[in-house]
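The structure follows.
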Amino acid sequence: MLVVMNAQATPEQIQAVEARIRELGYEPHPIPGPSRTAVGITGNAGTEGRDSLRLMPGVEDVIRVTVPYKLVSRETKQEPTVIDVNGVRIGEGGVTMIAGPCSVENEEMILETAHFLRDVGVRLMRGGAYKPRTSPYAFQGLGIEGLRLLAKAREETGVGIVTEVLDVETVDVVADMADVLQVGTRNMQNYSLLRRLSRIRKPILLKRGMAATLDEWLMAAEYLAAGGNRNVILCERGVRTFADHTRNTLDLSVIPVVKHISHLPVIADPSHGTGKADFVPAMSKAAVAAGADGLIIEVHPQPARAMSDGAQSLNFDAFRQMSDELQPIASAVNRRIN
Amino acid sequence: MLVVMNAQATPEQIQAVEARIRELGYEPHPIPGPSRTAVGITGNAGTEGRDSLRLMPGVEDVIRVTVPYKLVSRETKQEPTVIDVNGVRIGEGGVTMIAGPCSVENEEMILETAHFLRDVGVRLMRGGAYKPRTSPYAFQGLGIEGLRLLAKAREETGVGIVTEVLDVETVDVVADMADVLQVGTRNMQNYSLLRRLSRIRKPILLKRGMAATLDEWLMAAEYLAAGGNRNVILCERGVRTFADHTRNTLDLSVIPVVKHISHLPVIADPSHGTGKADFVPAMSKAAVAAGADGLIIEVHPQPARAMSDGAQSLNFDAFRQMSDELQPIASAVNRRIN
Amino acid sequence: MLVVMNAQATPEQIQAVEARIRELGYEPHPIPGPSRTAVGITGNAGTEGRDSLRLMPGVEDVIRVTVPYKLVSRETKQEPTVIDVNGVRIGEGGVTMIAGPCSVENEEMILETAHFLRDVGVRLMRGGAYKPRTSPYAFQGLGIEGLRLLAKAREETGVGIVTEVLDVETVDVVADMADVLQVGTRNMQNYSLLRRLSRIRKPILLKRGMAATLDEWLMAAEYLAAGGNRNVILCERGVRTFADHTRNTLDLSVIPVVKHISHLPVIADPSHGTGKADFVPAMSKAAVAAGADGLIIEVHPQPARAMSDGAQSLNFDAFRQMSDELQPIASAVNRRIN
Amino acid sequence: MLVVMNAQATPEQIQAVEARIRELGYEPHPIPGPSRTAVGITGNAGTEGRDSLRLMPGVEDVIRVTVPYKLVSRETKQEPTVIDVNGVRIGEGGVTMIAGPCSVENEEMILETAHFLRDVGVRLMRGGAYKPRTSPYAFQGLGIEGLRLLAKAREETGVGIVTEVLDVETVDVVADMADVLQVGTRNMQNYSLLRRLSRIRKPILLKRGMAATLDEWLMAAEYLAAGGNRNVILCERGVRTFADHTRNTLDLSVIPVVKHISHLPVIADPSHGTGKADFVPAMSKAAVAAGADGLIIEVHPQPARAMSDGAQSLNFDAFRQMSDELQPIASAVNRRIN
C-alpha cells in the first residue's frame, strides 16, 4: 500500500502515519516530493489497516498496490489449470462447447436436444432445473424432476451435464447429478453458496457478476479455491452498462486479461451476452478469436416455444451452421473445438 | 405489449403475428402506419409469449407496456405502507434513523454504541453478525455470538436491531433475534433467500442491488410480497457506475420515483453510497430533502480501529453533529426524525 | 507516481526502471517488499514518462499519485471562488437560482418567462438560442434571433442571461450578449471551444460530461483557468448509467466532493438530471441540502407546447411552489436563495 | 409512438389524449386492455409532440416505436455502403487495416512508420496532428506542421492518411490534406463540427462517443448524411463502464448490430478499446471474427518513447506478428485483409 499525504500535511502528521504503520506490524518508507509526501508500506498482505490510515489527519488517499487474490493468480501458479469433465479437458488449449436449453421443460425436448448435441459432436449439455427468474410469477424450473430428466439425457447420450445451483439447500442434490455446477451471475457474490461449493469436488462454472470488476470476480473464485475447490471455470456473460442494443454488454476483453493474470480457464456466454439469437454467431466467433477456452450457448428445438430465454436461443439448424463456421476460427488461433 | 413489425414486413407476416397472439389467448390490435405496422396486444399479464413473437419473421421488436410488479405497485394499493418496528413507525411521514457499526466486533463496542445511540434518541441499531466480504481472508463476522451481543445491547438499551441475513440456513436464528432483517445488495436477487424470507413475519430491509434497475428492485420486493411478507423497507445504497470519486454512486432520484410508483417506504444509506465519512452528512441531508423515509448510517466508537468499513463510519461526535444538522432539514420537508 | 514491479521481476529489471526514472529527470525510491518491489518517483509533475515505464520488462503497473489539476484545486487556492453576475454573487454562500426555458421559441414566451422570473425574485434566466439536438431534423434553436430576444428580455426585466455556446464561431456573438456562457455536457471536452472561452472575460457555466469522471471535469475547468478565465461555475446535470427510471442519474455526491477538492462554485441541474418535471422539486431540495451553490431549472409557460424538453419543464405554478419549498431547506443549511 | 395510460385514467382523459393526437396531425388508435388503455399513434415521424402527450393527465408513459434515423438505416438502403479511399475499398467485404502512431511527433518517426506500413502491406496510415488531450499541459500535437509531415509520408510511400479534425476552424486545412477525416469520441455530438463536415466530400471516420448508445451514434452519422456526406465509416473504440481492467470496454457486439440496422461500414479500434498493447492482438482478432470491416491500430517505432498513448501502441515487430495472425481469422470469415 501507499499512503499519499495531502499538500498541507505537517511533519508531525507524516510521523504519526509512520508510527501507525509500524504499530500495524509493517514497514513505512517515506518518499518526500516537491508538493507532497507519500509513504510506501511493505510487509502487508491485503488491505488490513487501510481504513485506519485513511482516516488519519493529513492523509489524502491510500492506494492498494498488490492484488487481493492469491490462489487463482498466475503469479502463484504459472501453468494453466485444466479441468476434466467426463473426458473433456477444459483449458488445455481447445475450445469446449457447452450447449443446451435455458430450462429443462419436459422429457421430450431435453432428450431431443441431447441427441442432437451428441450427433453434432457436443459433449457437454447445459440445462436449468432450478431457474433464477426476475419475476416470482415466471416459470421457476422443474427442480428435482429437471435433474432427473438431465440424468436420463446423459444416460441415453453420454453428454456431460452443466446445470445451475441456486442455493446451499440444493447443493447436494445438484452435485450428485451434475458434472459441472454453474453459479449464476446473481450469485457470484453469494458467499454462503461459494463456501459450500468450495467443499465439493465437482467443477464449478462461475459466471461473472453483471456489475463485477475483474478483481471481484477473481475474489469469488478465490473463495472456491481457498475452501479447497480449485476446479473453477470462469464465464464471461456480459456486464451491465448504459448500452441498450444488446441485453448485456459482452466484455470480451476480459478473456485475454484473465489469461494474463490467472491460470483458470475462461469461457464466454454470447447468448446472455447479447440476448438475441441473431447476434450469437458473430459474438461466438469473436470470443473464440479472443482466446476463450470455450463457449456456452443456448439451443432449443423450438426457440419460439421456449419457456424462458427463447429470444436468445438458437434452433438446431442455426447451431449447426454456427458450429461449422467456428471450426476455421478455432483453427486460426491454433485450437480445436472439443 | 406492442409488436413492432419492420418496414419490409409482408401482410402474411403481420397476419401470422396476429394469429400467434390469438393462439396465446390474447387480442391483437393492428395499427398500420406509413412506414411500418405495429400490433397492440391486450389481455396479457406479464411477458409470456414475448419471445415467441420476437422470433417471428418480420418482427422488429416487442415492447413491454405494463409494469411487471403488482403487489408493491401504487396502482394496486394507494396508501403508503407503514411498518412498525418496536414502536418506531417507518413510512408514516417521519425520518427513521438507523445507525450502528458495520460489524459487531466485541461486547464492549456494541454496548458502547447502543448506549450512545439511545442517548441521542436513535431507536434502531444496525450491526452485522454475518458479513459478506469480498475477500475470503477478511473478517467474516462473529456469527451467532454477534447475534447474542446484539440481543444483549437491545436488552440493556431498548434499541431495536437491524441485522443482515446472508443465507437460508441462518434465517431462523437471525429472525429469532432481529427486529428487522437486512438483505444486502449482493443478495437482492438471491431468490431462494427472498422466498424463504417471504414466509417470516419480521420486516425486511431490502437493499438495492448495485446494478439493479428500479423494476428489478421492485420485482425483488414482489418476491417477498407474493410469498406473504409485505413488510418491506426499500434501501438505496448506491449503484455501480464509472464514477470513481465515491465508492458507489448514490442514486437519490430513485427516492421520489419509488414514492411515485410504489407504496413501500424507502430509506437511504449514505455510508455505503459514498464510502467516505466526510461526505456522509451532506448526502444524509440530501436524502432527507429528497423525501427519504429514513437513513441507515454507519457509526463506530473508533472508526480508525474498525474491523470493516472504517473509512465510511462516523465517530460519535460527527454523528451527533450530523443529527443536529438534520433536524432543520427534516422540518423543512415537514417530517420529524424518529 | 509509483511503479509496481511484478512478483517475478529480476534485480536487473528493477535497476533498469530506476535508471529510466533518473533519465526522465526524476528521483527513484525503491521499496522492496516480501512479494514484490515498488519504486516511488518524486520530482515529477503530471504523467510524463508514465507510458515509457509501464512498457518496461518486469513492470506490472504505474500508479498516479498526484492530482492532475492545479489552478482549480483547493490545494492551490483555499478560499472559495465567488463569481459576480450582474450583482448576483455565485459561490459566496447563497443558493443562486437560474431558471428559464430550454429554448427561446418566440418573443412572447421569453418575455413572459422573464417577467415571471423577475416577479418571483429570480435574477438569472437560462434560455437556449443555439441548441445541440440529437436529431438533425429537430428544432435547432433560433440562433442570433434568439440572442436578440434574450437581450430584449434582459432590457425589460433586468434578469441576467445564461445561454449556451456551441462552437468557436459563435463565441463572440454569444459573449457579446450573454452574462454567463454555458458549455453543454457534449462539449465538456471540446478543447478548441474551451481554449477559445479561456480568453474571454465572461463567466463560464461548465456542465459535467455525461460520462466524465470528476478528474476529467476538473481538467476541463483547468483548460479554462490555464487560458486565463478563472470564472468557472461547475454544473452537475446527471451522468449516464444503466438506471432507466430517470433520463440521467443525478450524481449529487459530486457536490460535497467538488467542495472538498476545488474552490470553484458548483450548481445542480435537476431538470436534465431527472428528465421528468414531477421529480425536479425533490431533487432540487436534495441538491440544496447537499450544499449546491445554485440550481438551474427549466421553466416554461406551457410545458406541453414546448419545442424541446417539455417533459422536464416546470410550469409557472409548479416553479413558484417549488421555490417556496426550497426556502426552508436553504435556511436549514444556512444559505439564502438569491 | 404509443401512449400508455395509467390504470386510473378516466375515459375523459383518454379522449383528451386522442384529441391531442389528432391536433398534432396524427391518427390515434385506442387499445383498451383489462388493466389499462394504450393509444397507438400512426402518421408521425420522429418524436414531435411526445412531451406534450407525456404531460397530459392520466398518461403514464410515451413509448417511441420507430427508429429516429433514416438515411443511415438499412431499411432505407439495403446494399452496404462502400467507401473508396485511395483505391482501398472499405465495406466491400474486406478487412481494411489502418495503422500508425497516436501523434505525429517528428519527421523521422512518421516517415519510418509510413515506410514500415507500406512494406507490410498497410495502405492507410493514422496519425494525429491535432490532439484532444485531457490535460491543457500535455502535448497538443504539431498542428499544421504535423499535417505537412503526413503529406510528405504519403508522397514518399503512397499510404493514404487518416487524421483527426478537432474543430470547424481547421476543417479546411485538414480536409485539404487528409484522405479520411476522423471525428474523435469526444466530438461525436459536436453538431457544429458534424454539420460542417457534412458539406465536404472526403470520407469521415466517426468514432462512437464513449457513452453513446447505438441510436445516438447513428444519429450523429445521420447529421453527416443529412447534410450531404454519406461517406461515413463508423468506429467502435470502447465505451465507458465500471470495468477497470481495460481503459475502456470494447463493445464488439455493436458490430453485428450495426451491420443489421445500417448500411455503413464499421471498424474497431482495439488500441483505445483496451489501452494496453498486450491485449490489442486478441481484441483485433475478435473484432475481425465479429465481422468488422476494418481495424485502426496504434503503432509506434518506439512505444516507450511515444509522446502520447505509448502504453497502447504496438512496436513494429508486434504489429507484424499480429498481422500474420489476423490473416487466418479473416479467411475464416471469408474476408481478406486489405
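Letters A, B, C and D mark the chains as written, and numbering starts fresh at 1 in each.
In this text, contacts are C-beta pairs under 8 Å (C-beta built on N, C-alpha and C of every residue); 3 or more make two chains touch, one makes a residue touch a chain.
Keep in mind that what you see is a predicted model, and the values were worked out from it rather than measured.
Seen from the Cα centre of chain B, the chain whose own Cα centre is farthest off is D.
By number of C-beta pairs in contact, A-D leads when A-D and B-D are compared.
Note: centroid distance chain B to chain D, computed from Cα atoms, is 38 Å. Separating the centre of chain A from that of chain B, both taken as means of CA atoms, is a distance of 26 Å.
The centroid of the Cα atoms in chain A and the matching centroid in chain D are 30 Å apart.
Counting only residues that touch two or more partner chains, chain B has 211, 240-242. Residue ranges of chain D in contact with chain C, taken from their complex: 46, 50-52, 54-56, 68, 132-138, 166-169, 186-187, 189-193, 195, 210-211, 216, 219, 222-223, 226-227, 240, 277, 303-306, 309-311.
Chain A makes touch with chain D in their complex at residues 211, 213-214, 239, 241-246, 249-257, 260, 273-274, 278-279, 282-283, 285-291, 325, 328-329, 331-333. Interface of chain C with chain A (complex): residues 2, 4, 6-8, 29, 31-36, 38, 40, 42-43, 45, 63, 65-66, 75, 240-242.
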